[in-house]
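Pasting in a structure now, in structure tokens, and then I'll have a few things to ask.
Chains: A, B and C, in written order; residue numbering restarts at 1 for each.
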């Protein structure tokens, strides 16, 4: 118990002092995870909607793939990105391994299936009720897609939040492709792993508390805004 | 509109059987019949939303799908987008290629005709069912269709809301739009129809001017239906 | 409504761009990437050396702290500019494979053999580390091995070999983890383990573990720097790497290493330049 009490005290202290080391790590974590979610949304929304709306060869495979990849172990995503970005890999000349960009790519790989699968669910539901009306109006495939996405926007916000949860909680992939380099690629989760391995359990726990607090605050903020807007339109 | 030899089956169950008819009457054509007679299916085939198992539907020689852009359809249960009342209409105008600048004026006049203008900024999902159906009708009307297809638009409305919708339907018809409407409600058919097409179990049993039909229907099924003796089939 | 939406969209783009810029920002000032062992990183020495080097040369050194085995594989793939490791055999193979230009031994210390203070295998007064290992094996006392191909793991394997014993059985636990995690497990299981002294000194919760044996023959732990061969990987920043090596073997670097005394003990001894 003393550990947990002291961890809370340490966490509070770090936060109140606006510890620059902590701020750097928190900022980088947020930047990377939010970028990954943004990219995941830009790709996952259309992908999910396409699977929901269109009949194309291999659609079942893509759909099954999305659901299977929702449970993709982060280390595998990390390994794949590592092999791609390594100097000896196909994308080696870009020199992206052990940079924040590599971490964004790895997390993007992790969050896109979640975002796409949840988008697909929402789009399917809206498409079922809208299909005849939209065809009656003469909406083409593109218009249909943007309509079911926009009208399902509250579900898409939830999808993005789920993606953010996965991205910010994940350690295996960012450790592998980021390398946990101080001042460059060290984020909250890799710091926690590092401090734990050094036996610095209180600091690790304190970082964990900060991470959870941040995640809670972000989710809360998004949910409040979403429900405000939803009240007006739902 | 000409339908010839129209059949539609779901699996092995034939739902429309060899329907051949012409609708040429300039006034309101009412497709009348009990529930399950195939009225809705027929309307969707007319609109090109479904494909016939066999047979054809043509409008002035063109296929239903090709004429859809000159038509509009209102469904039994209103399908509204999760947007404001005004945006629902503006959206439909956008799909039909009306430039953004011209939309607000058209939206306002459409809402005026439906007496929905005070609710313009409200979410469409928060309207009563009657208001929702009026909005769907206003949306269809705003498209200035040559043909308007109405599928039991009053089926789930109370008498007051029904009257409001009927008032709009009459006004649309008076504006020169050809209206084809389905109903199982005799009184409504009486009030609105110029021409009656009687559907029964996936077949057309009778077609003719409304006054003739109500004065003395030819087939026994229509007689029974008018007398309220026909079990829904 | 629209302006609010546009503002949100704008903010998202800024976020994305800053993310990408952070990624590309790396080359100014010049940056070299060093794959190093966790033990060096844990010791705190690099935190003393690298900021001073950057101050004097303008070159930033980014540290990838991994096991020596992994560090060498990372460098072989061209994903680091130099390695700073303690695994002589693998270092020689690295050179033989043409991946490195040369091996610069920098400093050394001695591995420590840790165990519970009750010392069930009675190794405290063992004449040699090999004798201590054999005593542990004979008693079947729990022994935790890194099992991760790191420099420390390889040193431990070499010691078992020179003791003439092949450790096997439930008492010999290969955990496949870094030194820190291995120490945690050794504490939790009251087990023996071999550690580098730096990680042990930096370790925050020793529990009942203590150094039972150190500074015996065969426990010497040499750290060397090997630049990655630019002939093999043309993108490596060989020039900057050599600046770092020159600086470290110069007066300033040498003095920093010599005076590095966490908890009052000298952590590394310098090796004469070869």
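Methods note: contacts are C-beta pairs under 8 Å (C-beta built on N, C-alpha and C of every residue); 3 or more make two chains touch, one makes a residue touch a chain.
Bear in mind that the values here come from a model prediction, so they are computed numbers and not experimental data.
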Most remote chain, CA-based centroid, reference being chain C: B
Per-chain Cα centre nearest the global Cα centre, belonging to chain: A
Centre-of-Cα separation between chain B and chain A, whole angstrom: 47
Gap in Å, rounded to a whole number, between the CA centres of chain C and chain B: 78
Centre distance in Å when chain A and chain C are each reduced to the mean of their C-alpha atoms: 32
Chain B - residues contacting chain A, complex: 44, 47, 49, 68-69, 71-73, 75, 79, 81-84, 91-92, 95-96, 123, 125, 143
Contact set on chain A toward chain B in their complex: 129-130, 132-139, 143, 147, 151, 232-234
Parts of chain C lying in touch with chain A, wherever the complex brings them together: 12, 15-16, 18-20, 22-24, 26, 33, 38, 42, 62-66, 77-79, 177-181, 183-184, 202-205, 233, 235
Chain A to chain C touching residues, read off their complex: 28, 31-32, 34-35, 38-39, 86-89, 92-93, 95-102, 104, 179-184, 194, 196-201
